[in-house]
Amino acid sequence: MITLLEARNIGKRFGGLQALTDVSLTINKGEVYGLIGPNGAGKTTFFNVLTGAYTPDGGEFVFNGSELPVGKPHKIVGRGIARTFQNIRLFRDLTALENVMAGHHIRTKAGVWGILTQNRHTREEERLTTERAYELLDYVGIGRFAEVVSKNLSYGDQRRLEIARALATEPQLLALDEPAAGMNATETAQLKLLIEQIRHDGVTVMLIEHDVKLVMGLCDRVAVLDFGKKIAEDVPFEVQKNEAVIAAYLGGGKHAH
Amino acid sequence: METLIQQLINGLVIGSVYALIALGYTMVYGILGLINFAHGDVLMVGALTALQTMMFLMGVAPGMSPIYMLTIALMVAIPVCMTLGFLMERLAYRRLRNAPRLAPLITAIGMSFLLQTIAMIIWGRNYHTFPQLISTTPLQPIEGVFITPVQVIIIVASAAIMIGLSLLVTRTRIGRAMRATAENHRVASLMGVDTNAIIAFTFVVGAALAAVAGVMYASNYGIAHYGMGFMPGLKAFTAAVLGGIGNLGGAMLGGIMLGLVESFGAGYIEHLTFGFLNSSYQDIFAFIILGLVLIFKPTGLLGERVSDRA
Amino acid sequence: MNELVSAVPWLGKRNPMAARWLIIIIALVAPIIAWQFGRSWVRILDFALLYMMLALGLNLVVGFAGLLDLGYIAFYAVGAYTFAFLASPHFDIHMPFWLVLPLGAAFAALAGIMLGFPVLRLRGDYLAIVTLGFGEIIRIFMLNLNYPVNITNGPQGINMLDPINLFGWDLSRNLQVTETFSINSLFLYYYFFLLCVAGSIVFIQRLQISRVGRAWAAMRDDELAAKAIGINTRNMKLLAFSLGATFGGVAGALFGAFQGFVSPESFSLMESIAVLTMVVFGGMGNIAGAIVGAFVLAMLPEILRDIAIPLQQTLFGTVILDPEVLRMLLLSLAMILMMLLRPTGMIPARARYAHPENMKREGAL
């Protein structure tokens, strides 16, 4: 197995709150990796540190064999990590198509001069971006809403659009923050299929999720965070039986380690 | 040495006025996150209303004692400004509380120019002499250092008002409600605070302070006109940011500091730039300070809250 | 252009082609109609075109990138003063127009970057105040830099700027077509400015529908999410500032040459606010809005001047609201009322950031 991402002793502190303490984990290429834990365990903070929204106080990420830059979100996306947000963050005044096209930004190069003169390279790039965006919309199943302004999409479709936008950055690792939150059973089942498809197409997935059934059915391996510390990491079946994990979810987190 | 003390005094005087205005900015910002651009123009309305009142009194009761006259003028100017503050909030800002982020700001800018225009219609475009009812004959507490009675009164009155406001905010029920609203509107309203009333109250108090500051400012310089609120307004905003916007103590500190910087800056700029720039550049200090603070310490000197509430 | 077309009432949706021709014809015959009311109206139209350029440039910064810039007029000033320094008897330098114009644009762009760097991290409302301060600083310098070395000539400004001279063709002279028929210089300026505005529209439209335009829109809608998809928001903001400033600089140089003199009072905060109002009034973020806003708010005060002054004289026997007051009243009310009643502007066309039809008509633009 090839390691894609390695987190080494990641720490993050907010004032008096130690949000992450020495979190280390390894994600292999091609797997679906779950990150679970009770509310406030530090899952989203981990995502934010990984994607450069926050700078960690300690530790480092190694991605594809070299260290990730700290606190430079656009460079991290450039290296191949894309994310979605727990509370959907689309570009609300743009259409679905334009959202996805915006996601392609980092993989395109046209400069002001090229844009003003509309030279061949720029036109070709724009055409490819459009084409690719349509493909991605179809891929996540909302191709027919390409021209709809994103704030007018249904909740489930907004989630899908956010995934399509993240995929447009051509990531190797896709980090999904509670993608099933607020979805009904049918939508969740469809989402599961979509994530499996994404993995099948060669993108490694890391996911924060509360829906235990989804996590157990989807993830190859799961890490459990509690009070900012990793208390378990294993295949889902084993994690379910782990006493520390059970204790954490039952509220006895402090005695768990 | 005398110049140093002299500049210290000048700085304190103008700084106290800035501090009073800055309080209005900071209170509104603390509670709504809105820069009330028109706040400086409330100051102008205060000064011109007071001027109008004094003119009227001089006409009907020429023998009246200056102290009474000034008091009555203030008693007219303050309620006028309070009403103005109330109306601005009620008619414009309240409707925009959930609007996209640029909308309230653009409205506030429009409001500022609307007030200036209306003042221009009422009082014309000219500079008016503001009667200096309190003696401006300088006292000389130390040989070579001058301070006028007006300036003494400005410093003393500002200090008193600031103490009063601090007590209002920290010791009273309504002050507690203000702080709760500033912390979180929704939670405060769930706790039984009438947040709409509190926000309106904040505007009204800020406007009253601006009225007082306006009279002080005009008394100090002996001049009033429709555009007089703009610069002190901007500078007071700078003061509020310098001290840490949303923080009352910060506004006072920021105001005084800005006053001192300006006064010393104006005194020494010519030496510092080898005569290239002179004191007509006094106004750029505030902007430079504002830029520097926002770049290097956006939370200001006393600000605890992170400015970026994304 | 498409936005402008769809903004034409009734016709725009039914027959875009006809609407397009209608706009072109109106733009071409406008000065001829205005001439019937007096030559000053053609002059007003010329200024309206300059305001359009300014509004287009500011719209790029405020409407596209979501950065509220209250010191925009400073770039206009930089352009105008560049022209004044390099093409007037003031320093006795008379560089050719085709050289001064790009220089004015370049200096303005540079000023945009200089302003951009320190303020990039600021949130919307702070940004507004700092840019306002920047505009004021520029104005203070223009007012006072006549001492100890006379650079700007202070409050008097600089006179006798060279007219626009396009490779030997002097626009400030009436064009003698035949012995009896000549075209007034104001018309020449009008068509030249119209060409500049048309060029600006094409450029800005191209920027809008491009990876840059989408990155700006993304940043405006949600900065955090924009970063999360790999947009370098710092560079994009700088780009918006400098490109917006470029338009301001070009308009400023044209203004200086057209008016023949520059002085600090043309670049007051009120002018920044006026341009902002034009953008807000038309509709932030769309080109048609900027055009219509600039046109309406540049013309309305002049029309009011013609109507309101005689009206006041007959009603009250005296002029209570002079034109300048009327203009301020109009602008400030427009700003407040638009925000309260119709925040999307008079022309709330949704700006497009993509050519969806690209798929069907391969490669066509």
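Note that the chains take the letters A, B and C in the order they are written out, and that residue 1 is the start of every chain.
The criterion applied here is as follows: a contact is a pair of C-beta atoms (placed from the backbone, for glycine too) under 8 Å apart; a residue touches a chain by one contact, two chains touch by 3 or more.
Small disclaimer: the values here were computed from a predicted structure and weren't measured.
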> So which chains count as neighbours of both subunit B and subunit C?
Replying inline: none
> Just by CA atoms, which chain is the most central one?
Replying inline: C
> Which chain's mean C-alpha position is the greatest distance from subunit B's?
Replying inline: A
> CA centre of subunit B versus CA centre of subunit C: separation in Å?
Replying inline: 34
> CA centre of subunit A versus CA centre of subunit C: separation in Å?
Replying inline: 43
> So what's the Cα centroid distance for subunit A and subunit B, whole Å?
Replying inline: 48
>> If I count partner chains per residue in subunit A, which residues reach a count of at least 2?
In response: none
>> Two or more other chains touching the same residue: where does that happen in subunit C?
In response: 224
> What part of subunit A is in contact with subunit C in the complex they form?
Replying inline: 51-53, 73-74, 77-78, 82-83, 85, 89-95, 97-98, 101-106, 108, 110, 112, 115-116, 118, 122-127, 129-131, 133-134, 146-147, 149, 165-166, 168-169
>> Quick check: in the complex, which residue numbers of subunit C touch subunit B?
In response: 62, 66, 68, 70, 118-119, 121-126, 128-130, 132-134, 136-137, 140, 143-144, 147-148, 223-224, 269-270, 273, 276-277, 280, 284, 320-321, 325, 328-329, 331-336, 339-340, 343
> Tell me, which parts of subunit C touch subunit A in their complex?
Replying inline: 203, 206-207, 209-212, 214-215, 217-218, 221-222, 224-233, 239, 243, 285, 350, 352-356, 358-359, 362-363, 365
>> Quick check on the complex: what are the subunit B residues that touch subunit C?
In response: 34-35, 92, 95-96, 99-107, 109-114, 116-117, 120-121, 230, 234, 237, 241, 275-278, 280-281, 283-284, 286-288, 290-291, 294-295, 298, 307-308, 310
